[in-house]
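Quick notes on the structure that follows.
Note that the chains are named A, B and C in the order they appear, and that numbering of residues resets to 1 at the start of each chain.
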Amino acid sequence: ISIRGYTQMRYNGILDSSSYNDTYAYGDRSVGPRQNFFLRRARLIFSGDISDHLYLYTQFDLASSPSGTFSSSASNIGYAAPNFWGFYNQQIGSYNLNAGNFAQMRDAYADISIDDKKEFRFRVGQSKIPYGFTNMQSSQNRLTLDRPDAINTAQKDERDLGIFFYYTPEHMRHLFRDLVKNNLKGTGDYGMFAFGAYNGQGANRVELNKGVHLVARLTYPYVFANGQVVEASVQGYTGRFVPATSGIRPSLGMGTNWAGYIPNQFPWANSKGYNSPFATSSYLPFVNGPGYNNLYNNFNVANYNDTTVNFAAACVNGCNGLKDERVAVTGVIYPQPFGVFAEWNWGQGPSLDPYQFTIKSSKLNGGYVLVTYKYEDKDFGLGTFFPYVQWQQYRGGAKTETNAPVDRVNELEAGIEWQPLPEIELTAAYAHMNRTNLALAPYRQWQGDLLRMQLQWNY
Amino acid sequence: ISIRGYTQMRYNGILDSSSYNDTYAYGDRSVGPRQNFFLRRARLIFSGDISDHLYLYTQFDLASSPSGTFSSSASNIGYAAPNFWGFYNQQIGSYNLNAGNFAQMRDAYADISIDDKKEFRFRVGQSKIPYGFTNMQSSQNRLTLDRPDAINTAQKDERDLGIFFYYTPEHMRHLFRDLVKNNLKGTGDYGMFAFGAYNGQGANRVELNKGVHLVARLTYPYVFANGQVVEASVQGYTGRFVPATSGIRPSLGMGTNWAGYIPNQFPWANSKGYNSPFATSSYLPFVNGPGYNNLYNNFNVANYNDTTVNFAAACVNGCNGLKDERVAVTGVIYPQPFGVFAEWNWGQGPSLDPYQFTIKSSKLNGGYVLVTYKYEDKDFGLGTFFPYVQWQQYRGGAKTETNAPVDRVNELEAGIEWQPLPEIELTAAYAHMNRTNLALAPYRQWQGDLLRMQLQWNY
Amino acid sequence: ISIRGYTQMRYNGILDSSSYNDTYAYGDRSVGPRQNFFLRRARLIFSGDISDHLYLYTQFDLASSPSGTFSSSASNIGYAAPNFWGFYNQQIGSYNLNAGNFAQMRDAYADISIDDKKEFRFRVGQSKIPYGFTNMQSSQNRLTLDRPDAINTAQKDERDLGIFFYYTPEHMRHLFRDLVKNNLKGTGDYGMFAFGAYNGQGANRVELNKGVHLVARLTYPYVFANGQVVEASVQGYTGRFVPATSGIRPSLGMGTNWAGYIPNQFPWANSKGYNSPFATSSYLPFVNGPGYNNLYNNFNVANYNDTTVNFAAACVNGCNGLKDERVAVTGVIYPQPFGVFAEWNWGQGPSLDPYQFTIKSSKLNGGYVLVTYKYEDKDFGLGTFFPYVQWQQYRGGAKTETNAPVDRVNELEAGIEWQPLPEIELTAAYAHMNRTNLALAPYRQWQGDLLRMQLQWNY
């Protein structure tokens, strides 16, 4: 069993933002108000061939944080010191300093190969879902700092728990390996053909609806006579997803700059008295899907004098999950030296409706185009440079976030990855973001410019 | 320092259950409603001889989850969307998708041997308690998917923090090693004689009562002339345990199908006004044991005008803990090829009383018989097969669970473990369970049939 | 990449305490009521030279616990069973047994050396702050069980995330290495000159104020002709720190035995009616520093009919942080065989005011003197002994604790570290402590005597 890994340290400078406190990016928690240095990933990987038929891969991340830790959001908002003690400006909220950075599983899988040439494999355990080139490509090799939302929202942390079958002809296995080894930004071997069944709620998440997601992928890399490699893929998945919910105060304008608007005549604008359903100001969004209607099965309620006692955690609606399915196409020209990576996907998935009152399955689509050029400096020994430009767009629900808010993204990023040594990479990028703040209702849109930097060391 | 480990992936199919939402097993969280694939264990072990006198063993599990994560129970029950928006069936509760699977300590101990033959050892740190063959046997080697409740409820996660003394004659040490190495399902070396002192609240739990638990064990493995090995053991422990509590609404029928019954004439059936002790509907069970009666020692209450301020976390009753002691007998015929594993224990421990109002030390007993046959297929090279049948029973408190509810278990399991390769094990079992749902008041009984499957890879 | 580490198991016997329930020490959670065996540290370190220019150091601790676990404090205080069921003494509070001991990052850094002799290095990632000899010295090598508060309160867990520059002449690098290797209790190489910029909120804590802390240090070790080594250092840091807050009931006497006093005539002594700011009994301490006054920027409040909705987590006051700066001097005579370690620091930092109503930057100072003698037993082969005496004092805020209470410490500790083998260390010490209970308002002072023991195994 060999040990390897990599660590990414970041700094995101907010040059300009239409709403500083709403600054947010799906893939990087340090794109936000008052942030500074940030450890995005600190990985340790234990892997190796255990026998001719078993290959082990276990990876964890030391820069992960359990819920309740590492939060830069204020709590107790409004619960502040009395203002007549001479403090002119009230204080907004309090912060905790609960420590994060705990080791969390990323991968824990075994490749069990059936034949001696290892062309046919079953991959069992938690591993990456074979959906989307950018998802399968390791963050260690990716040019841009974050994966594009359009593809990345398909699967939380790109991984899930299940059983996958991969078929890769032997010569193609060597090609997939070389595309990574030769610094051409490949994905590694996820099969020429892949098929899998998995829980579907995301990596390290508990299953909630018993149903599996099914995924399939077909890819074909082609090597031209001059050595140039191109790859085309098609992939899709289908299943049902149970979104997480928490109480919000419904308002209009989600995904726009005027999010939070509550017209006076709306019934939830004001309390209507103690017995009104609007007496409190926040509601759980209603997950509008089928459920297990068996709260009281095997149970004669009439024998008991208080039906308000909840005898078991049941779910009458929604916990069968909402339809969640996508199909994506991928086209790649590997950077020898000029490279293009492009993907687009369409489908439907859980999404909060514009009234912020129900979550249902809605249409989505989005993708990206990334253009790069690989320049190896032989004259001065400065190493390898990858200048790049990426444009991405997405419009659809962010099922992996609480209440599955609508995510509207349009982003342009231009940057350069510099590898002065094989084990050190420095990336600097300028990004113009137009994004929804998915972290906090009413889910406002913000626009801004960032100077992003990352130092990565490989080991 | 060498690295090894194993991972277990499971699937539990509920064929039939008298109460689907109460489906629960003490040893496997994926025996429950709406579950699917599950990583039960993902272990990494760092061990080795550091010197002639120090042997190190550090193990952690990547499939563990801190409190507040990985919960499949609904929260906010009843706190749903208003039902007049056209949704006929209310929704029951909300779910979170807080990520789990963090690396948690299992073992962190050192064996410090006094003599050169390593017959006399002190084991310091967190390690397994030498109580019960099934507890000491590694899950990597166990046939059944879970340990029997009767023995496993003695100690949360089988481990605790303390100091243990082990004496093993040299030839017996080799025998214990071979019983594992030769795939005979042994425990490894926990001494011919063992004695230890430990905190007693369970692995990775904080100490609450200052008192130690004491444990002692004597085992004797005997090798017949034909090589057949049998082993007999006696073991016992004593101490005081502080149970965890949380508010419940007292009701009758715990551990039966009619759990939750609240007669009309009972005082806690209805509120009796604002000043009534029954004004709220749930109470903390009273831990009926001695305490540290010193809330106000060194403290003159009269000097202060508000005694409702709590100056320190004190405990007037219960926090000395409740009497917790057991004795167990073990008999083992190692599978050469026919094997029998049997254990039974008796004792007393913390247990919620039938009125669900106090927790006190009550009698308990239970055990199991496991019969197996080791079949090594030489003709077709299919590997090794262990068909088995296990019957287990337990009646007593589950001290390690919140409020220490009564656990009534009667379970029959028939299965087969198949080792096609030494590093891969596939287990399939049919189980008829009659168990108490210990996770949720009012602690109902349920009966059901399960098809259980596990894939394990060793590395 | 090589693997090493160490584990520390402790037992703290409280011989005498002026207030048993207030027993508390800044550096050891098992100095407290009703504690027993405790794993203080269980470390695994993955380190090594990846290339000529990159040295990797990744360390995690298996004995760390996320918030919400491993708490020995009672919750639900006062929320007990009705007392008329025949239980004479009410019960105070309930306990949980949420499991702790998860793997948490300590270090994740890379040393990137610029020159071939590795005299000039950049250290990036999370690493120790070069401030205070006792902070930089590994706990594996330290004589006393805990670091002195005066220096240790400068930085939570001694580490933070940032970029550091170190310059060490080559011969001095060898000297720093030998001072550790030869069991002389050195720090290792933190540069003859060091300069760094880091987040400043503490190891594994999220950044809250965007500002960096700056630190600089100059040290000079001198080797006399007879081989005796002495070292003198000066170091300082400056920055702004955002303290964590939670609601407390203000009272007088913090850091004394009469803490908790609330005079009758004080406005917060009693409720003054529903609309009074004193209607509730606890308040958030006001962080009296500058803030980001932009709750409503880019936002026309008039368009919305409810301004109580909080659209983003903003902070009007305090979240720029409070001035936090110190300077320290260090003098060391390495134990060949007689040794002295002494440090003192002065500065200002966040501190709760005596009325427990605001947190502001206040003056602080403190330090310690540690005297030891290294005795290597050659006659009987008993190993190495380090008898020692340490006196420490501190008066100032404990910025790393919730509400930054005043910490008043005067402590005398006499002990002996015994190394019977290089890989095993046993420490026993008698300590007379005079300390503030920083864990719980009203932050009482306690005095007491402890018998402290630690067993450490290195690997």
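In this section, a residue touches a chain if its C-beta (ideal position, glycine included) is under 8 Å from a C-beta of that chain, and two chains touch if they have at least 3 such contacts.
Predicted model, so just to flag it, every value in this text is computed and none were measured.
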| item | value |
| --- | --- |
| Arrangement of touching chains [line / ring / star / complete / other] | complete |
| Fraction-based call for chain B against chain A, same above half, different below | different |
| Between chain B and chain A, distance of the C-alpha-averaged centres to the nearest whole Å | 35 |
| Chain C, residues touching no fewer than two other chains | 3, 66, 68, 102-103 |
| Interface residues, chain A side, partner chain C - complex | 3-5, 7, 9, 18-22, 30, 33-39, 42, 44, 62-63, 66, 68-74, 76-82, 84-85, 87, 89-103, 249, 251, 258, 260-264, 269, 281, 421-424, 437, 440, 442, 444, 455, 457-459 |
| Contacting residues of chain C [partner chain A, same complex] | 1, 3, 46, 48, 50-51, 53-54, 56, 58, 60, 64, 66-68, 102-105, 108, 110, 112, 124-126, 156-157, 161-163, 198-199, 201-212, 242, 244-247, 277-278, 283-288, 291-295, 297-299, 303-306, 308-319, 357-358, 400, 402 |
